[in-house]
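Letters A, B and C name the chains as they come in the text, with residue numbers starting at 1 for each one.
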Amino acid sequence: MRKLTRLAPLALVAALALTSCSAPAASDEAVTADSAASISYAIWDENQVPALEANIAAFNEIYPNIEVKIDITPWAQYFTKLQTQASGDTLPDVFWMNGPNFQLYAANDQLEPMTNVIDDGSVDPANYVEVLNDLYSYDDVQYGMPKDFDTVALWYNQAILTEAGVATPDDTWTWDDFHTAAKTVSDNLADQGIYGVATGLTGGQEGYYNTILQAGGSILSDDGTTSGYDDPKTIRGLQFWADLIADGSSPNLQQLSDTPHNAWFTSSKTAFFWSGTWSVAELAAASNTLDLNVAPLPQDEKQATVIHGLANVVSANSANKGAAQAFQAYLGSEEAQTLQAEMGAANPAFIGAGQAFLDSVDHFDLQVFIDEADNYAYPFPVSKDTAAWTSIENELLPQAFSGARTVEDVADELATRMNEALAAE
Amino acid sequence: MTLRTGSTTEESRAPAAVPPVRPAPKKKQKNFDGYWPWLFVLPTLLGVLGFYIWPIIQTGYLSFTETGPFGGEEFIGLDNYQTMLADGNVGQALINTLVYTVIVLAGIPIALLMANLVNQPGLKFASFYRVLFFMPYIAMPTAVALVWRMIYNGDFGILNWLLSLVGIDGPYWTSTPGFAIVSVGIVGMWASLGFGIIILGAALKNISPEYYEAAQLDGATKWKQFTAITVPLVTPSLFFVTIISVINGFQLFDLLYAIMGQYNPALVQSQSLVYIFYNQAFIQNDKGYAAAIGMLILVVIGIVTFFQFRMQKKWVNYV
Amino acid sequence: MSKESLSPAQQGANSVRTHLVLGIIGFVMVFPFIWQLVISLSTNDQVMSVPPTFWPGDLQWGNFVDVFTKLPFFDQFGVSVGITVIRVIGQVVLCSMAGYAFARMRFRGRGVFLAVILSILMVPPQVYLIPQFQIIQNLGLLNTFIGIALPGIFSAFGVFLMRQIFLGLPLELEEAARLDGANPFQIFYKIMLPLATPGISALVIITTLWSWNDLLWPLVVTTYAEKMPVSAGLATLAGSITTDYPVMMAASVLAMAPVLILFIILQRRVVEGLAFSGSK
């Protein structure tokens, strides 16, 4: 190390010479149909590019001189790249945001508030699912234009249910009904290696967040400052999954790692699959698609599902803020979101624009997802530093689901460590 | 061919079991080569300082700070290092990284044997075999990882199917703590054999056939020839491959992530040092703590490499 | 094909046992690629189903067509070639010069500078990401060939490799040339560099491969698909929820092909070229 320090001054000089900063000049003038600008739009899903290009083409009929260029980065590197860009004040003008990362960017002044576009009437928040407006607001200021939403429901394979002699699920099912059905499938079809249910247990959106809410528990307090994992009702929501694995109604965690949950279901190796709106396209293309359909999640103390959706946000440092906000507002319009639904890209956040989504696959009862959103959807839990405690969830909960430790024991440790992480925010 | 005529007295001693050792540097005989060396090294040195050393210095500084997610830092002394020492995951990751590195290093003798096999004079299809052996090195990690996941799959993979034929009930290779890092290590070894074969193969071609001919006259077995002539003569290249393999082994990241997948219950027990660095820097946004882990990686590799250089006098023979 | 012309040792080289061993190892090494090829001709449903289908039956050549509709493949291919050429030329020039100096020249601080250069190998590349991005940004080189390629033309690995290569070459010729009055650059360029050809071929192959597969850096310094190299373009095919694996595999097969061909061409040079640098 002695060798390094002797060189430090030299490197410092070299680096200082290189890091002379050039701050972009923000232009806040009002945007008109004649405004000319070029803005970038960062996204992570290649499958949605055709629909977004159609959106851009329609946007250009109103603003012919605003060029929008799509910047696609794979999901695995998306937020790494955003952070790197933020460190150099070169965030894309408009970009996709998700719930877990939103508050981090909003609280650190990286995002442009939507206050002016809401005040001048170009965006009316009342048009969007309210929970999503809340998800993308920080300190009562809205930053994100809701783009789409996901709720979670119970997918099932009718052919397997029939073979196992199990009834088709409906909105009256309780946890007990579900567990009995799943166990029956595992028992009756064990010789074919078929299990009752598979779901993703890394991250709670597909599985345990829903059951925690159904049991009346919570993941995070409403004010986002304390963990809900020491609540006995929350523990009950976790126990549900531990029990399913323990008695063989579900493949164990190792089996779910080696063969992901969606592969179990599309290979007709499980009868049930807890998953969200995002699975529609994949399940519609699966070879067993005609056996598949969807029903509401079973209930415990109450009916519940988490709801999450993406939003389009504008960079606070955008050099073309006016054009970027015009594009952001356009992406929220009924026209743009209807087009998204028609092209099968997403289930729109604009209330009532989802008809095309419902019609997209005839043999799935997709109304289930909309009804859930209208009646008993709860916001995806997020805080300022969501990643800090979701990583603790992912570290500890496998020990509970695998039966290595009791659920109470794990939940207790999780609550303690999560509270420490929340206090550090 | 011209080289062959420029024989020296040393040459007449061939074949020696231990090849001629480079004469000790003539220290007394001054003398620096004036400004010439600087012309040769300055472009590289400047680029390295600007693009690499400076970031390392920055990282070193950040490791003593608490950073905001988008810049802005506060000096906190050794706190990050104290956290690191108390963090059981870091210790586990260090062990995992070492296990992985050792497995990859175990590939070096295999690479040497394979390079030796494929470089035999008169071997037919030699270039064909060389291409086969080299192919894993071309592979893109994300693409081969999918295939390896299918091979390792505990319920439906062909590895466990093959084992079942001989009555062995194979484990869930990639999702059982302990097995997982070994499984990843085997893929790492598979992927890096090609690199060793290239470098060592080139070195093998450097060995004069006369050594072997003379040894054959003495009645030395193939194995004896391999251990007494081949291995000592390729030690500089072995040294190089070892250094690079250790360094690459310590940087395990993509492969681990791609093979284990995101739903893996063994991930926490199987993470590598760089994995923790990446997680802290870009997922948890704790760049100060991440920087401390980055410095730990630098120091550990630095120490290992330093000792390798010290040890090389004991086993590496430069011509 | 006359066996009589082979020496006994050479006949031994071609024994059934040798070819059996080489064949089995070769198959193990290449098996994942064969499977990858099979996947590239399957449907995604077949790839995702368990137990695995080893033969898709109906070969999906359309997956290869999809690569070209989903990605600006030719643009990206051009970028890959461009940045790789810049990096390879840069590394061959800079690393062989620096490697030679570290191997054969005497100057103050030689050991220290070598240690400094080697130390950069010991830090994970992710550490450099943000600082290098800021440098490239400040130089105004985002989204350019040069911007992607620039940090990669300086290589500690290459310096170290070339140093080891030069250390392995005989001293006598150099001394003879020096007595003839050649200056150090002439000695390097006219005498030592040609001798190091096999090592340079190895450096070319390794740099090409690294550059061709480099992923995170080009993703971060480029913004638009047509400015990305193939490696980054390929990665964009991986979805956040589902991935069309056959198309990804087809793209990866297409991306691998040029490097494989380069190796097939160069491997003869690596091996045969080395016969001239007999170290005795």
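The rule is simple: a contact is a pair of C-beta atoms (placed from the backbone, for glycine too) under 8 Å apart; a residue touches a chain by one contact, two chains touch by 3 or more.
Keep in mind that this is a model prediction, so the values were computed, not measured.
If you draw each protein chain as a dot and join the dots that touch, every dot ends up joined to every other dot. The chain pair A-B and the chain pair B-C differ in C-beta contact count, and the higher one is B-C. Note on chain placement: the centre of subunit A and the centre of subunit B lie 39 Å apart, centres being C-alpha means. Averaged C-alpha coordinates put the centre of subunit B at 15 Å from the centre of subunit C.
Each of residues 50, 53-54, 56, 153, 155-156, 282 in subunit B touches at least two other chains.
Annotation for subunit C: residues touching 2 or more other chains are 50, 116, 119, 130, 135, 215, 235, 238.
The multi-chain contact residues of subunit A, meaning those touching 2 or more other chains, are 4, 7, 15, 18, 80, 83, 87, 259. If you check the complex, the residues on subunit A that touch subunit B are 4, 7-8, 10-12, 14-15, 18, 79-80, 83, 86-87, 104, 108, 110, 193, 200-202, 253-261, 385, 387-388, 391, 394-395, 398, 401-402.
Across the complex, subunit C is touched by residues 1, 3-4, 6, 8, 11, 14, 31-33, 36-41, 43-45, 47-48, 50-56, 58-59, 114, 117-125, 127, 129-144, 146-148, 150-151, 153, 155-156, 158, 190, 193, 195, 198-199, 201-203, 205-208, 210, 212, 216, 233, 236-237, 239-240, 243-244, 247, 250-251, 253-254, 273-274, 277-278, 281-282, 291, 294, 297-298, 301-302, 305, 318-319 of subunit B. Of all residues in subunit A, those touching subunit C in their complex are 3-4, 6-7, 15, 18-22, 40, 42, 44-47, 69-77, 80-81, 83-85, 87-88, 90, 92, 259, 262-264, 266-267, 269, 278-279, 281-282, 285-287. Those residues of subunit C that touch subunit A in the shared complex are 44-45, 48-50, 70, 112, 115-116, 119, 129-130, 133-135, 137-139, 142, 215-216, 219-220, 223-225, 235-242.
Here subunit B touches subunit A in the complex through residues 46, 49-50, 53-54, 56-57, 60, 68-71, 149, 152-157, 172, 174-176, 260-268, 279, 282-285, going by the rule given at the top.
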